[in-house]
Structures are given as C-alpha cells and as structure tokens.
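Below are two complexes that have subunit A in common, paired first with subunit B and then with subunit C.
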Partner chain A sequence: MTFAMLRRGIVYVLLSLAAFVSVFPFYWMVVGATNTSAEIIKGKTSLGSALITNATAFFTQVDALRIFWNSGVIAVVATALTLLVSSLAGYGFEMFRSRLREKLFGFLLLLLSIPFAAMMVPLFVMFSQAKLVNTFTAVILPTIASIFIIFYFRQATKAFPRELRDAAKIDGLKEWQIFLYVYLPVMRSTYAAATIIVFMANWNNYLWPLVVLQTAENKTITLILSGLTAAYTPDYGLILFGTVLATLPTLIIFFLLQRRFVEGMLGAVK
Partner chain B sequence: MTGWAFIAPALILLGLFMIYPIVWSLWMSFQVGKGMNLSFGGFANILRLTKDAVFIRALGNTFTFFIFQVPIMIVLALLFAVALNDATLKFRGFFRTAIFLPCATSLIAYSTVFKSMFAIDGVVNQTLMELHLITAPISWLGDPFWAKVLIIMAITWRWTGYNMIFYLAAMQNIDRSIYEAARIDGVPAWARFRYLTIPMLKPVILFTTVISTIGTLQLFDEVYNFSAGSGGPSDSTLTLSLYIYNLTFKFMPSFGYSATVSWVIVVLVGILSFLQFLVARDRRTS
Partner chain C sequence: MSSLKLTDVHKSYGKLEVIKGVDLEIQSKEFVVFVGPSGCGKSTLLRMIAGLEHITSGDLEIGGVRMNDVDPSKRGIAMVFQSYALYPHMTVRENMGFALRFAGVAKDQIAKQVNEAARILALEPLLDRLPKELSGGQRQRVAIGRAIVRNPQVFLFDEPLSNLDAELRVHMRIEIARLHKELQTTIIYVTHDQVEAMTLADTIVVLRDGIIEQVGKPLDLYDNPANLFVAGFIGSPKMNFMAGVVTASGHGGVTVELTNQGKAHVVLPLSGPAPAVGAAVTVGVRPEHFGLAGSGGPEITVAIDVAEHLGSTSYIYANTKSGEQIIIEREESRHELGHESITVAIDPAKTFLFSAAGERLR
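Coming up: the complex of A and B.
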C-alpha cells in the first residue's frame, strides 16, 4: 500500500513539474509585458510598471490594427476554405470507394512526406509570374487543399453511420444535400477539432508568408514579431506585449473548443 | 462520378500548388546557374553537395536535432499519456490542459519568449544558479553546444503535449477489460505498459514518429528566430530548411542548387519513414 502511495506521489510530483514547465512561459510572457526590456533580460519574475510604456511603444512602432486585420483575414478565409475543400475530399474518398481513388489516396499520403521547402522555390516563381507576390491570395491558395486534413476527415468519416446516408437517400436527398444537411451537423465535433488545427496553423504560419509578403503593410503579426526579435538589441518589453496580443486569439479558440477538440481527436460522433 | 465531384476541388488545388511545384523542383534540381538563367547541369548539383561544407554542417545539425529531439519527445508524451489515462488520478483535466497548452502558441511567439527567458542573466540561468546546478551562467544563445540544447528543449516544450493527445485518444479506444484481466492475473504495471499499451498504440506511435520526423527535418521557424536568421552561433543551429531559404532569398539566388538541397530532405524523410515502418513491423512478428 505504501509503495503504491509513494508511486502515486512521484506521479503527482512529475506531472506538476511538467505542468509548471508548460505554463511558466505563459506567465513569463504576461509578466514580461509589464516590465522593461532591461528587467526582462535580468530575469524579473514579478509584475512591473512598464505596461503602458510597452503598449505605447508597440502601437507607435507597429500599425497594429492593420497587422492584426491581415492575420485575421488570412487565417479566417484560409480556415473556411480548407475545411470546406478538405472535408469534401475526405468524405468523397471514404464514401465513394473505387480502386483508382484508393491508389490516388495512397499517392497523396506519400506526398505528405515531401517538405514544404521542396515546393517553396517553384511556388514563389509561379506566384511572381502571376504577379501575385505580396498578396493574401498567394498566402492562402497553397494552404487550402491540405492532405493532412483530408486524411483526418477520411478517418473521422469511417465513424459516420452509413444508415443515416441510406435513410437520407430513400428520402430523396441528393448527394450534396446529404453532405450539407446530414454529414455536416453530425460531424460537428470533427469540424471543431479541425478548426483549431487549421486556424492555428494559418494564424501561426511563418515561412511561406515570410517569402511571399514583402511590404510592411501586408505583413502578419507573426512576421512583425519575428522582425522585432531580430533587432540587434531587441526591446523585449514591447515584443512580449505584442506576443501576448498575438497569442490571445489562438488561446481563446483553444479554450472555447478544447472539449470539442479532444472529442474530435477521439473520432466521437454525436 | 459523384465520388470524383467531391474530391475534384482538392485534387485541382493539390495538382496546381503541390504536385506541379514538386515536379518542377525535381527538374530544377538538375539545373545550374544564377537567378532565372538556368541550364541543364546533370549531376553537377549533387557533386556540389559533397563539397559544400556549409551543407554538410546543416545536414549534421538537422540530424542532431532529429536524433535527440524526436525520441525524447515521444517517450515523454507516452509517459504523460499513461499517467493521465488513469481514471483515479486527481486533477487530470488540469494536467492535460496545462501540458497541451504550449500547442496554442505560434512557433515565433514561443521562440521569442524562450529567447528572453534564456538571456545570459535571465530567469533560467538565475534559477539554475540559485539551485546550485551551475556555478556560472550558461550562454544559451552564444555557445554552439548550448544553442542546440536550447532548440531541442524549445521544440520538446512546444510539441510534447500535442503528441500526448494522440496517445490519450488512442488509449481511450483500448478495451479496459484487457487491463483488468492482466491486473487480476498479477501482471505488474511496467509489463502492462510494455506488453499491452505499447503494442496497441503502435500505429499511433508510428504515425506521430513519422510526423515528428518530417517536422524536425524541416525545422525552420525556431532556428530562424533564435539566431535572427543567421543559424548561428557559427552555423551551429543552421538547418537544411534555413540553408535552402538562404540559398534562395538571401545570397545570390541559385534556385537549382537550393532545389537539390530540398530533395535531400525528401530522400531523408523517405529513408527514415521506411526504417520506422520496418522497426514497427519487426516488433510485430517477434
């Protein structure tokens, strides 16, 4: 009994340590936003009085409204299009199986292993020939058809009750109506989980926007933060203030949809 | 026909923005020249790889990150998942959320936060000195060895919870009665983990290992941000992706050669994924 209790105790200590390490940088980020850069790199862990100074510095150096608008438009449009196109494909691959489409699906999974770096140069040349460099279109277009999300939706569709589809067919619904009125509402947990994954990926996307967005007024918050950090003597107070602002949207989505997310990963169907 | 209609939009987009660029980049990797003035060079680029000290450095660094980071993270994620799968554990929801929370940050945001925490007089060095674990502050950003360690710790912080959620999800699908039966038969906890949990999680472990391998071999955002784009100190954190970026957009652009370097990543991912599949299959037969 005592051995079991000791083991249980060790588990709690280790989990608490892991939780502390996981959460501390968030605390640090918030506290840092209230301290001066000098205090931050000296390791001050208590709240300071520089919040207003940092905020003022951030809003004078960065056209925040514009930059957050850019990030928001890109993330929302890209997420909506990705969910639509990729869930259609996942549903299509699972519901209408044919030998050719199975082969095609296997081929797509192979492509998943090809890193973005291998496509980056031709993509850049393509978009510059189409005169689309420095546009949101160029940022969004290559992200819409995501093999990972197609795969994810196909896996989740395996749990979709086929009787529902058969019943809808007997009621005279067309295929697209079944998708829209039966599949979509039933799979909302899956959509919620995919929304978190895709929104975060787009909001946080870095390398491709870095390549394709060139003027300051078109940049996203991620690019701006990285630019501020690259300074010879970075002003960490200002930067951590910006980091808090940049992290808030994903944190809010995370907490709003967290339960759905875990359900979606479990392939739960309601 | 309906089947094709559902997948057509995705196929058209993938064809245009993935398959076409991939084929183009494969063709490009055999081209030599500067800017857009390219001509066929045969295996000249591959030959150049073998003589390019910076490339070999980047390859070595990328491999170091992969070898250390992926196993550490997978093992940690598995252990956390096993601990949190215990229904009698208190505060499960809290622990799970806390460990998963780092995923909600952007790669740039967290690497900036880490950079400020690991400053020479920063909070991490101070804490380590107060605990008497070190006697002098560690130059996390300035020392080639510690810069690598910092990158590995940072990536592990960001992705362990993400992998843990995959394992937790898979564990909930395992039939509890199997564990009960094993427990009643007197099978100790470590043996239940080794002979029940691990084999049943094998497909998920394989999946996450392959995904993490791809991610680590493509490592870019963190090293770019930690080193302000240089891959320093003295190229010690230069990764293949960062080198490709530099070859393409920083130095005199040589699209052909940078395409060749990107295909090195493709080949590496292919070989490593294949090896991981082999290991997973071997264990099943033995």
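Coming up: the complex of A and C.
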C-alpha cells in the first residue's frame, strides 16, 4: 500500500518534471512576447505590457506578409509533393514483389545515415548548374523524396488489407485508381500524421534555405528570425513575438488533424 | 451463366510449384466446391481463375473463351472474399455500385441494379450505412450483394464463412444455397470446411499439394473415395484407418489380418486385382459403420478413452492395446456406454481397403 503510493508519487513527480521541461519553453516564449528585451534578460517570467510595442517593432522591421507567404508556399507545396511521392513509393515497396525489393529498401535506409550537411555542397553545385539557386524549387526539390516518410508509409501499408486491392482489381480499377480511390481514403489517418510531420519539417527547415535562398524577398520565417538574433543588441521581445507567430501555423495544423494524427501514429486502418 | 474449363494449369513462384497440372471442367450453373487442407492450392487456383494470380502455364476458358491474359474485371466473374473486403470509407450502396461506376454505367441504372441486389439479400435498410456499422453476417451479405450487382457469369467465393460464428455460418450457408437456386449461376466456392462442401456442392473437387485428388458428387466422394486421402478428408469424424496384412488372396476377395486389433481377420470382397499375400494394406471403417457385437463380421474390442454424448448420437474415442485410436459412433442410449471397453463388429460390405501407396483397392 505505502510502497505503491510512494511509487505512484515518484512517477507523478517525474512526469510533472518532464511536462514542465516540455511546456516551459512555450510558456516562456509566449510570456516573452509581452515583455521588453530588458525584462526578458532579467529573467521575468510573468506577462508584461510590451506586446503592442513588440508587435509594432516586428511588423516595421520585417515584411511579415512576404516571409509568411514564402514559408507557407514552400511548406504547403513541399508537403503535398512529399506525401504524394513518398506515399506512392511506400505503397509500391509494400505491394509489388521483386527480388530487388528488400535490397533496394535496405539501401534507402542506409542513405538515412548520411547527414544533410555532407550533401549540401554537391546539392548546391547541382542547383547552381541548373540555374535554380535562390528559387523555391531549389528549397522544395531535395525534400520531396523523404526516406523516412517512404519507410513510414511502407510500414503503414502493411496494415492495408490486400484483399481490398484484389476486390478493386476485380471491380475494374487500374493500379493508380486503386491508389487514388481506395488506398488514399483508407489511409487518411496515416496521411494526417505524415502531414503534420512533413509540414513541420518544411516550415522549420533552416539550413538548406539558408544556403540556397539568397535575396531578402525570398527568405523564409526561420531565416528572418535567426537574422534578428544576429543584431548587435538583439531585441528579444521582438524575436519572441516573431517566434510565437512562426509557431502558429504548425499549431493550427496539429489541432486540425489531432485526432487522425493519434490514429495514424498508432497505425489504425479502419 | 457460363461453363469453365481448366487445361493442364500450373502455377509456380520461382522454383516453387504450387499448382501442378490441374484439368477440370465446370458446367454452367454448377455449384463446385474446392476443398482441401491448408496450403493445398485451392485459394491460389481460385485467384488464378479470378485473374489475381498469373497462370504460369495451361489454359483457362470461361464460356469457351480463353481468359489467361484478360483483365480480372473483364472475365465475367465476381468474387467474395474471406475478409469481405468492403471499402471501409464507402456506404453499402457505394460499395455495391462501385464496379458499375467504373464500368461507366449510368447512375439510374446503377441505382436500379443495387436496389435489386439489396432486395434479394434484404439489405435495403442498411444501404446508407458504413461497413463498420454492420455485423459480420451483414458485411458478408453486402460482399455477396456487391458480387451480384456485377451480374457475373461465374461467382467465386474464397472461404466466405470462415470469419463468422458457428450459428451465423449455418445461416449464411443456407442463404448461399438459396441464392444459387435463385440466381442459377455457376459458383466456385473454396473452403476447408467439409461440412460446407458436403452441404452446398453439386460437385466437390478435393485438392492436395496442388493436384486434384478426386472430383465427384458429395455422396459419391463419401461412399466411394478414390484414395486414402479423400477417404480421410471427407466425413466427420474422419474415417478410422487400421493397419493390416493380407493373409490370403484369391479371385473375388482377400483376407486381411488387422495387425493392431487383436489379429482379427476381415474378409473383403474385391472385383479388381487383389494384392499379394503379405502385402501391407490399410483398412478403413467410418465411425458410423461399426456394427453391434454379434451383428456378424469380425469383432474387435477396444478400451474406451473418452465418450462424447451429443444427444442424438455419441462418439466414442477408443484405443487399442497398441495405441491405435479408433472413433466409433453409436446411436443407442448413452447409458449403455459407461463401460471401460466396447466390442464392435466390422461389416465387410462397408469397409474400404487401401494399398500401401494409399490407392483404393476395389
């Protein structure tokens, strides 16, 4: 009885600690957006009155509409293409038998171990030769064949009932129609979960856009925010206000797809 | 409504041959059941007919037309799957009309055909539900409905009742039999359940290891199995097999000594060539064919292991001294079965004889 209570107590303390560590940065970010830079440096963790000042400063210094548009276009197009290309690949890897299948898939997984930094220079040279530097195409193209998402879809496809594909074949559907009219709607939870993951990765993408996007009018929100910290005396209130704004789209998408996200992560095909 | 013909059909996956030369003719309107143990190739054969598996060699004809390379949707077949395979995101109505939609049939014609199939299967109240809102039996009816809507020449059923509970299975079995009567189509039905095979089929095809062991009417297979495998597979509980040795052989019959049954001798009539003296044979007796002690014929006495009383009948599981298990069916009062041992008579007229290779000796 006492031992069980003690154990439960310890578990609760540890969980509370973990929750605090996860939630505090968000709390601090939101609170910071309402405080002046000086207050933030002093470590103030309660709501302040500088929200309007920070917002005004942010919107005067930054062409917010433009950079949100840039980030939005890149994230939405990249997410749509990644889901299409990588889910097709995952579907194909699971549905079609071939002697080379497992070898090829193993090779793909091996590629995951190559850090992006190692590919950055060759990629830049390639895009430079193709005259695509400083375009959104250059930001989006390297992300759409995501090995992780291919792997994720292949695993999820294992739960897709094969007899549905057989039934659809007998009903007269071609392979692409089976994918579009049967697989896609049945796997919508998987797509929802992948949407959140891929959107977040693209929205937050920093290193590659930093290298490949060169003019101010093409920059994304992550590049602008990081640029603000590079000032001689960074205005932390302004930066945190921008960070709050930058977090909103991912947050909205997460809440919109929350239920399906959980189903998708659990691998539910219903 | 169409006939179907398989000529020397083979199927291999790489070096593994799973269908090893099947010849079969199925008449129009016939109800044919493929039966056999797991892995015998019955589902593969059905999927080859459906066009879901490529035919490695040999010919498939439906209605006199070679269909080997024809798209599944153009073979004039419809298939009902074990897992029902209903599209989970579509209502019953959409599921049933899906194939027609893709075939470019007009909307009002689709509605008409769906409604007609729904009427036949009493699915009208369920038409706007999703599959997840249906019970197992209802789902299976929808799957059958989806097949009916396509108005196929041949219906293919792949173990359609395996996922249902016992009571529902009996109910659906009767429904499928009724459906066959009403639609008058050719049906090929795969099952490992020999009760389904016996009750539904006009013709049973027994398969083992990718070859056909025997084709025939259900009772013919029961009364006249071609070999040891069919004899053991058709009938429940299964036929008893007792090891024996031929002690005398002549025109018109042999005498077999049952090695493990107290050396009882059975004299069996044979019209064909008789095995030589000393040849090892197997004697088969169905559980219901053992006679009462004193009813004539050689008698064996066995120790009762377990008795199952089903009310109308009882199954006695008995062991001989050498460990051979014998199942005996008795219809007399269960109170008479309390003894530790039982003596039964073997009726030579209802006894089967098989060679060491498993072939029936007649």
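By definition in this document, the second predicted complex is superposed on the first by the 270 of 270 C-alpha atoms of A that agree within 3 Å, B and C clash if a C-alpha of one lies under 4 Å from a C-alpha of the other, contacts with A are read in each partner's own complex, and residues count from 1 in each chain.
Basically, a residue touches a chain if its C-beta (ideal position, glycine included) is under 8 Å from a C-beta of that chain, and two chains touch if they have at least 3 such contacts.
From a predicted model like this one, the values you see are computed outputs, not experimental measurements.
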- Task: Figure out whether A:121 sits in contact with subunit B (first) or subunit C (second), or with both, or with neither.
- Result: first
- Task: State whether A:164 touches subunit B only (first), subunit C only (second), both chains, or neither.
- Result: second
- Tell me which of subunit B and subunit C touches more residues of subunit A. B
- Considering only the touch criterion stated at the top, classify A:175 as touching first (subunit B), second (subunit C), both, or neither. first
- Message: Quick one: is A:150 in contact with subunit B, with subunit C, with both, or with neither? Answer first, second, both or neither.
- Response: first
- Query: Which of the two partners, first being subunit B and second being subunit C, lies in contact with A:142: first, second, both, or neither?
  - Reply: first
- Task: Name, in rising order, each residue of subunit A that touches subunit C in their complex.
- Result: 161, 163-164, 166-173, 177, 182, 185-186, 188, 269-270
- Residue positions on subunit C within touch of subunit A in the complex are 47, 50-52, 71-74, 77-79, 81-83, 85-89, 98-99, 102-103, 132, 146, 150
- Query: Can you list the subunit B residues touching subunit A in their complex?
  - Reply: 2-7, 9-11, 13-14, 17-22, 24-25, 28, 36, 76, 80, 83-84, 89, 94-95, 97-99, 101-117, 119-127, 157, 161, 165-166, 168-169, 172-173, 210, 214, 217-218, 220-221, 224-225, 228-229, 240-241, 244-245, 248-249, 255, 258-259, 261-263, 265-266, 269-270, 273
- Note on the structure: Touching subunit B in the complex, subunit A uses residues 11, 14-15, 18-19, 21-23, 25-26, 28-29, 32, 40-45, 85-86, 88-89, 91-93, 95-98, 101, 104, 108, 111-126, 141-142, 144-145, 147, 150, 175, 179, 200, 203-204, 206-207, 211, 222, 225-226, 229-230, 234, 236, 239-240, 243, 246-247, 250-251, 254, 258, 262, 265-267
